[in-house]
Amino acid sequence: MALTREQIAIRVARELQDGFYVNLGIGIPTLVANYVPEGMEVMLQSENGLLGMGQFPTEDEIDADMINAGKQTVTTVTGASIFSSAESFAMIRGGHVDLTVLGAFEVDTSGNIASYMIPGKLIKGMGGAMDLVAGADNIIVTMTHASKHGESKLLTKCSLPLTGAGCIKKVLTDLAYIEIEDGAFILKERAPGVSVEEIVSKTEGKMIVPDHVPEMVF
Amino acid sequence: MSGFNKVVNSYDEAMAGLEDGMTVIAGGFGLCGIPENLIAQVKKMGTKDLTIVSNNCGVDGFGLGVLLEDRQVKKMVSSYVGENALFMQQLLAGELEVELTPQGTLAEKMRAGGAGIPAFYTATGYGTPVAEGKDVRDFKGRNYILEESITGDFAIVKGWKADKFGNVIYRHTAQNFNPMAATAGKITVVEVEEIVEPGELDPAHIHTPGIYVDRLIVGTFEKRIEQRTVRT
Amino acid sequence: MSGFNKVVNSYDEAMAGLEDGMTVIAGGFGLCGIPENLIAQVKKMGTKDLTIVSNNCGVDGFGLGVLLEDRQVKKMVSSYVGENALFMQQLLAGELEVELTPQGTLAEKMRAGGAGIPAFYTATGYGTPVAEGKDVRDFKGRNYILEESITGDFAIVKGWKADKFGNVIYRHTAQNFNPMAATAGKITVVEVEEIVEPGELDPAHIHTPGIYVDRLIVGTFEKRIEQRTVRT
Amino acid sequence: MALTREQIAIRVARELQDGFYVNLGIGIPTLVANYVPEGMEVMLQSENGLLGMGQFPTEDEIDADMINAGKQTVTTVTGASIFSSAESFAMIRGGHVDLTVLGAFEVDTSGNIASYMIPGKLIKGMGGAMDLVAGADNIIVTMTHASKHGESKLLTKCSLPLTGAGCIKKVLTDLAYIEIEDGAFILKERAPGVSVEEIVSKTEGKMIVPDHVPEMVF
């Protein structure tokens, strides 16, 4: 069975470590905050200028001046700090964020990522995504393995305009956890009940399959 | 009051001197911390062919979006412009130019503009459409692209409190792009919720020192919320 | 206490991992806002062949000056080193290298190092000995030189107060180079006068967010004054 | 008579305007603060991170954490702000300071200035001087017109290593106020009782002497 959105978030959360500063993109990545393991603390960085993002406010707490990078109203946790966009991206570009999780349309075996623009469709802009992928050492891309029409999103070469070149090493799809190394996808784990054959058949780029590919356990 | 008093008493005075074809740098992220009344004043003035540098372009009918209604904007320099139907319509009709700029690069371009740094290298955008036509250089084994700084004829900024000398503090995440915008305008105009006497703000907590501020005005703000999310 | 607790309990622990030949970036201007106890710890450790990046090199017998006594410093990157007889003696004897760097360029090199900017252009130093061997480029009719950023194996920083998560505020002009130094160390060590609980510092007033800080220690400080000037 | 240190400071102070942000170098420039005209306010920038420097403290007010760029203990004026060295030089480099006053060893007809290093003598460093001369539009250099041995300091080409190239337009010496334009010194004012001939004889670089050179009045 393909992973649910929640299972993707749970699996990503296993990459967290106590004391990590983490930037979570919009969509599934945001859900990761719900699955921080017991006894572990992480601090969420929001690129509009907030380190220590808390949960959504109650009706009474809502404040137009307190939002996250998704423009949602939020709160702060104890020990938070608030700063300018320049300072926020100094943190990001300078490699100070321990883990970045974000979505994508495509990744390829060179570690390229395309996530912000589909030519001919609406052009909305890259926001902070280009800075995030260029600045972080430790990035997990979350995405569906293939489109609804079965077209692979794990490619030899991205077909869409890139968000970043050569910066992705870890991809979690609804079917598998994959690392990118020396120009190939390495199949590290598979979703429960999903066969290696299915994953390989839905992967257009070169994939290396180790002898044993463990099933994820939830 | 001395020559350091930056207070003006009308929005007409605040934006006096704005002319067709000028570049305006605006603070704000989404609808948070935007200089709503200064934007409204630009709409009222009807100034045309403006280049607007701002992370976003507001929404239909609010924030910078209102400047699209009478086609006052020639070009937007932004990182994300997805919240605005009129924007897309004018863009696709070729009536509006847009220069998409990564958010961190945009923030740094404004800061550099204010700080006398004409250009800097960044890894952001290397190998992407953003790099087209830009110098590439290797530092310690990694490729970076050269990005030039931005300055504006005007900068329009939303603060929380300021003293009359133009020392400004921002509230929560309404800070965002405002401090950098404030440094990068030939004329920097700041609107705030409250003006206090010099000495009331702690010198160590001032986000924008008065040296960057030319005009200061107190306004009232709608502060529209873009994504109202609550927990129960 | 969570994984964000940066507090260490001894100066040995604070500087653990410092090795011969490393680069250390130090905050401070003159003797103001210098990490006196962290410097004393480096002297105690006897680490050699250090490259020290700091606006000044202390005075004879205090601040970074103490590291000269046992010839621990191979190279200084500074803007002004005139307060130190031992420094001059070692420099003239060829026992010490110095890379004189304009003060603003030095501050910006540290900031850039911490911010992932590998290099930037500045007009400062164009046409002077500082420009030797550096790229020159014209932007809008003026010449600028390319300056590369600085990062260190360690950054040693003097704050005023910090919470246990490493959120730091500085006192008065003891801020100076400290916030930039704090961003530019692979390991950033901050010593402060007081450690408070998280939540006691206003999130909007934090000068150095905890993300930059690896180790935090509370110390007592002599705070020697270099030029004691009074009015009567 | 050559101007005294105080007269040099008084003459410089006439260039001040109400609301000016001013950076005063060490030595004679510092004295300018004593001669701000009545009813005018200026704010002093000190490049170690202080805008709104006040007078020296009383014994009771002395604070090791409150110093100026000369490392002297100082106070702040009402409405001051304190910031990092990076922010301070952003102001300076970005041209936000209205007037900079500093000393020099030599200036030349190309607007070059040498002020930080005499080869063979002690090398102390340029401090913030290179940033100040490169960043400011409006700079006044104060210096003696010639050395004790009568050697001119206003040259065709500076002989010492430069602090900045092509950035000086105004020079006040103990003998004259001079502007630099199109590769020449323009003699604008002379010290009381000092003849044009004396000034010209002590100026090595090309000097243009207008028909009328007013005497300074104190």
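Order of writing sets the labels: A, B, C and D. Residues in every chain begin at 1.
Throughout what follows, a residue touches a chain if its C-beta (ideal position, glycine included) is under 8 Å from a C-beta of that chain, and two chains touch if they have at least 3 such contacts.
If you're wondering where the values come from, they're calculated on a predicted model, not measured in any experiment.
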{"item": "Intersection of contact partners for subunit B and subunit D", "value": "C"}
{"item": "Rounded Å distance, subunit C centre to subunit D centre (Cα mean)", "value": "29"}
{"item": "Between subunit A and subunit C, centroid-to-centroid distance (C-alpha), Å", "value": "35"}
{"item": "Cα-centroid distance, subunit A relative to subunit D, in whole angstrom", "value": "55"}
{"item": "Subunit B-subunit C separation of Cα centroids, rounded to whole Å", "value": "32"}
{"item": "Junction residues of subunit C, two or more chains touched", "value": "108, 111, 115-117, 122-123, 171-172, 175, 204"}
{"item": "Shared-contact residues (touching 2 or more other chains) in subunit A", "value": "82-83, 89, 92-93, 134-135"}
{"item": "Topology of the chain contact graph, where touching chains are joined (line, ring, star, complete, other)", "value": "other"}
{"item": "All touching chain pairs, where touch follows the definition stated at the start", "value": "A-B, A-C, B-C, B-D, C-D"}
{"item": "List of subunit C residues in touch with subunit D within their complex", "value": "29-33, 55, 78-82, 88, 91, 98, 100, 102-108, 110-111, 122-130, 160, 171-180, 207, 223-232"}
{"item": "Subunit B to subunit D touching residues, read off their complex", "value": "2-4, 111, 113-117, 163-165, 167, 183, 198-199, 203-204, 206, 209-212"}
{"item": "Complex contact set, residues of subunit D against subunit B", "value": "17-21, 40-41, 43, 45, 51-52, 76, 78-83, 87, 89-97, 134-135"}
{"item": "Contact footprint of subunit C on subunit D as seen in their complex", "value": "46-50, 55-59, 62-68, 70-74, 82-86, 88-89, 92-93, 112, 117, 122-131, 134-135, 161-166"}
{"item": "Complex interface listing, subunit B residues touching subunit C", "value": "108, 112, 115-123, 137, 139-140, 142, 144, 148, 169-172, 175, 202, 204-205"}
